[in-house]
């Protein structure tokens, strides 16, 4: 049976600073430069959520992408959109909100919530020039 | 010898409805909502066709992408562009034209027609927010 | 007082055929070719709605673009999204649904509905290579 | 002599909240909703800077766009990139940083600094769905 | 009668150098830097061709955009695509091929050739960050 | 420990011709058509550089993408931007500069230079419709 991958793209806007609270301010400045600005900066993030599975013989869908949108908005986007990623997001508490750490936290939230099919890839664009990907490995 | 993947992007415009003719109208409405509209809707589809192979030592090409364009237009795009995917496309007859089913039918047409290199991935965008991928597995 | 133009982008998917019901089938075929396919084709339309006005001294907005989105969805997008533009759209009845005619009908619907500021430009993309604009003149 | 318009596109990332300090918190919440979040949110802004003039007969340029880039970065982008638009930007002090107010402040900075040609249009994208324009009137 | 503007987007790839043959090599280097490289560089140009007119009451078109494509390819694109703009293009002979000079030459070729409607705007993208516009004034 | 892939996008503009110097002019013309124009053509190339690794527990980065940008510009982009790929680029000497051959040469330069993480994928867009990928195999 063939395995097809389906992807839904979603967006959110958030403030953050790249900051490791376990380090001194001097060390944070040295490592992260302008991205460490204590007054924050922000991004229009773009998230691509991919699931892989066999198309259902009745619906022809791996999963209804409208359903993917509803689950991702409910489980993830609603917690980060128009928020401060350092201060307000429970599942990022104590985490340095780099794109790498955001995508790993996003995977942990979404992987158990998305069925049928299985979550096979997340891609997160921080700017038009930078993105990160994770496939569960 | 290194394996390079080359991709050509093509577009087509088509009408369809998401509809399983084996189900009742009520069941189709319940499953597919506005996408089941009996009067159709449509999309600007974007297809990305990828082949993988060793670059030819004479040409430096895995395959001439102009040739890929000609083959994909002749074998696939000419049958779906400005068409109704439920009514007019021989290789989709009796199929519910979800993106998943379109990409699988596209693979069956293109895989034997594209040489040298081998077809290694298809990506089909239905909207700017939704796409599907298939790699032959 | 300065005049600023604000724009909101929205999308919809629809089926249509380019067809003038006052002409014979032969004449329609001759004029419109594959765009006249009696079984329809379709597009992912992109609409950009622009209003011009003085920013309100209290809000700093010409108009809240969330409000623009709600009005355009209620007055226009809800009537065309996932619809057949020749058969199902009251304000296009008897009209050949070219992009030119769609944008003029859209203007007549939206111009009285959008306040404060005044509707100053509509842009409608039919494909990634074709768009039309109207500014009320 | 013909008048040509030349445009340079630049980007910056910033945090802000839509907030009028002359209003109560309740009024700000009512008017601006999630955009008023006291913990900020942010955007990848895209700025398009257009100048109009006669191409110089020696250079064939209205103005060297590399020079436009240098001036806009020095006069404007360096003050807003990776900054908080409510707290850190001298020319926005006391201003509600809506896109409308940002673009008017940007015009006041850039109009006297850009020569030859004259600044004829600014376009500022806040998200992929929202942008504002100003032409000096 | 309403005036609608319709636009067709086309692409071409060309080599050029920014070079004024009336100046010394030193002066060219000083003015144009790396863009003056005697061994050339090149671009994927994007051209947007806009015509304004009243939609024809029979066709609903200002002009058939397929016809615009055919005329622009025949009159302009065929002379610049995969060419060297300094060496091989008759209508640019002796001209420094800046985007400004290319767009003015393009206007002179296309303005008399495009009917019905009248050519109202050309936009030429040299890179994703730079474009020029001309409207005949 | 999870493996995340991070990507930085960069651009460069270059002239080239598709030409195998070991073949006759007639054979080159037959194989490569307009892409073999002896007067060159050119492209706005887009390069995506991906590295895979475990996010560093101190920085939260696989690698600082600003560092990736600096290395790729220093090692690769500075040698090809605004250059002629057939004439001026030491690491392409004697090579037919197809996208396949450019990406393989780029890999050989970047793979040893990019640390921490390891180079896991290059993607090179030659036009908006054509791209190639290489992952080291």
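All chains are identified by letter, namely A, B, C, D, E and F, in their written order; residue positions are counted from 1 within each chain.
Quick note on the criterion: a contact is a pair of C-beta atoms (placed from the backbone, for glycine too) under 8 Å apart; a residue touches a chain by one contact, two chains touch by 3 or more.
From a predicted model like this one, the values you see are computed outputs, not experimental measurements.
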Which one of the chains is farthest from chain A, going by Cα centres?
E
Could you please state the distance in Å, as a whole number, between where the Cα atoms of chain C are centred and where those of chain E are centred?
28
In angstrom, rounded to a whole number, how far apart do the mean CA points of chain D and chain F lie?
34
Residues of chain D that contact two or more other chains, please.
128
How would one label the connectivity among the chains shown: line, ring, star, complete, or other?
other
Following the definition at the start, I'd like every touching pair of chains, please.
A-B, A-D, A-F, B-C, B-F, C-D, C-E, D-E, E-F
Quick check on the complex: what are the chain D residues that touch chain A?
11, 13-16, 34-35, 37, 39-44, 81-84, 87-88, 127-128
Across the complex, what residues on chain E touch chain D?
18, 20, 23, 31-33, 95-101, 103-104, 128-134, 137
Taking the touch rule as given, give the residues of chain F at its contact with chain A in the complex, in rising order.
2-10, 50, 55, 58-62, 65-66
